[in-house]
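Chain nomenclature is as follows: A, B, C and D, assigned in order of appearance, with residue numbering initiated at 1 for each chain independently.
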Amino acid sequence: MNTPLLDTQALEQTLQQFADERDWNSFHSPKNLAMALTGEVGELVELFQWLTEEESTQVANNPATARAVRDEVADVLLYLVRLASVLGIDLNEAVEQKMKSNALKYPA
Amino acid sequence: MNTPLLDTQALEQTLQQFADERDWNSFHSPKNLAMALTGEVGELVELFQWLTEEESTQVANNPATARAVRDEVADVLLYLVRLASVLGIDLNEAVEQKMKSNALKYPA
Amino acid sequence: MNTPLLDTQALEQTLQQFADERDWNSFHSPKNLAMALTGEVGELVELFQWLTEEESTQVANNPATARAVRDEVADVLLYLVRLASVLGIDLNEAVEQKMKSNALKYPA
Amino acid sequence: MNTPLLDTQALEQTLQQFADERDWNSFHSPKNLAMALTGEVGELVELFQWLTEEESTQVANNPATARAVRDEVADVLLYLVRLASVLGIDLNEAVEQKMKSNALKYPA
């Protein structure tokens, strides 16, 4: 029996409850969530755009950007997990399958 | 003791090993990974762009798009988890903190 | 009398005719076009993601990427001009106003 | 002799001068500008993400969003034109070539 690569069940339930309590379900179509994901990725990328690659390695250690980068990474993850959830995608299964394809596509 | 909202440890280790075996670490600066994330989000969004919101709910059930949407969601997740990993961000902690901020920002 | 900063009238008319001839107008809501723009930006960014900044300066000269980068830049522009057009935005006016704001925000 | 589909020369010169006066040229690598473009597209998409397609048609008329959408469309255009400029891409030529490919790919 394999250990799963990731487990997002508690988060998916928490996000569903969060949406239920705010009457957000009608806004959470996959189309809308995919757009929201774009917006959050844009905010994340903005933290890196004028940095050199070397400087970018310190973004989470730099007090000026440490909190912002954690928040933006979290925002991207929240919308992605919510999107998978409303689509009925099992994230662990999807990731396992994709890692197998990647291993074939890019041999070590 | 709280249950974590998510657990990505096994995936982070697998991705690190995958990068090690292919000598990809020098390409995996946070700046580059943020760009790769953008590219994958673009591919995911393309699956939804001409659909109505109603149609978008069936993307993972429609045989024509079921595999593609799983693969693209997985690709976005893989780059996001890899980015968090190279930045040294604890994803569960980041998500817990962001959910607390969101609960204050959007009261039920 | 000022010279306009840009002129996209002929392109806007050509894109309208292109959409008319293919019955695409019902797909070209601003929401959908904003998503299509995301997809094309993703494809453009993919050309740069593993390059150093120095290498990125040669993308339009490198025979392996010269055509692709022209095509992706054009695709982004086409969707952006089409989006402005269906929204009824005068691009030259919008750009002039934004350049004035930028000049105040970032003094020379 | 054909009328050009678009003319961005005055804008390209203005943007070059703007960068020169602020010592921004060293930041304006194609890689960085492609990232900045992503960020601006994200901000533009955020204006549409929770709207229906029908509602999205009124974004430039709605006083609450009219200025924001003009500014974000302008920001995307500014970075795209600047990117083409530093890459040495002739935008009119790139667009003409792409429109020809599109006409073949999608017959009327």
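Quick note on the criterion: contacts are C-beta pairs under 8 Å (C-beta built on N, C-alpha and C of every residue); 3 or more make two chains touch, one makes a residue touch a chain.
Chain identities (UniProt): A, B, C, D = Nucleotide pyrophosphohydrolase.
Just so you know, these numbers come straight off a predicted model, no measurement behind them.
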- Pair with more cross-chain C-beta pairs in contact, given A-B and A-D: A-B
- Message: More than half overlap in residue numbers between the two sides of the chain B-chain D interface, or less? Answer same or different.
- Response: same
- Intercentroid distance (Cα basis), chain D paired with chain A, Å: 27
- Query: Centre to centre, by mean C-alpha position, how many angstrom separate chain A and chain B?
  - Reply: 3
- Query: What positions in chain A touch 2 or more of the other chains?
  - Reply: 31-32, 34-35, 38, 41, 45, 48, 52-53
- Message: Give the list of chain A residues in touch with chain D in this complex.
- Response: 27, 32, 35-36, 38-43, 45-46, 48-50
- Query: Within the complex, which stretch of chain B touches chain D?
  - Reply: 31, 34-35, 38, 52-53
- Message: If we count contacts the way the header does, which residues on chain D are in touch with chain C in the complex?
- Response: 3-8, 10-11, 14, 18, 21-22, 29-32, 34-35, 37-38, 41, 44-45, 47-48, 51-54, 56-57, 59-61, 69-71, 73-78, 80-81, 83-84, 86-89, 91, 93-95, 97-99, 101-103, 106, 108
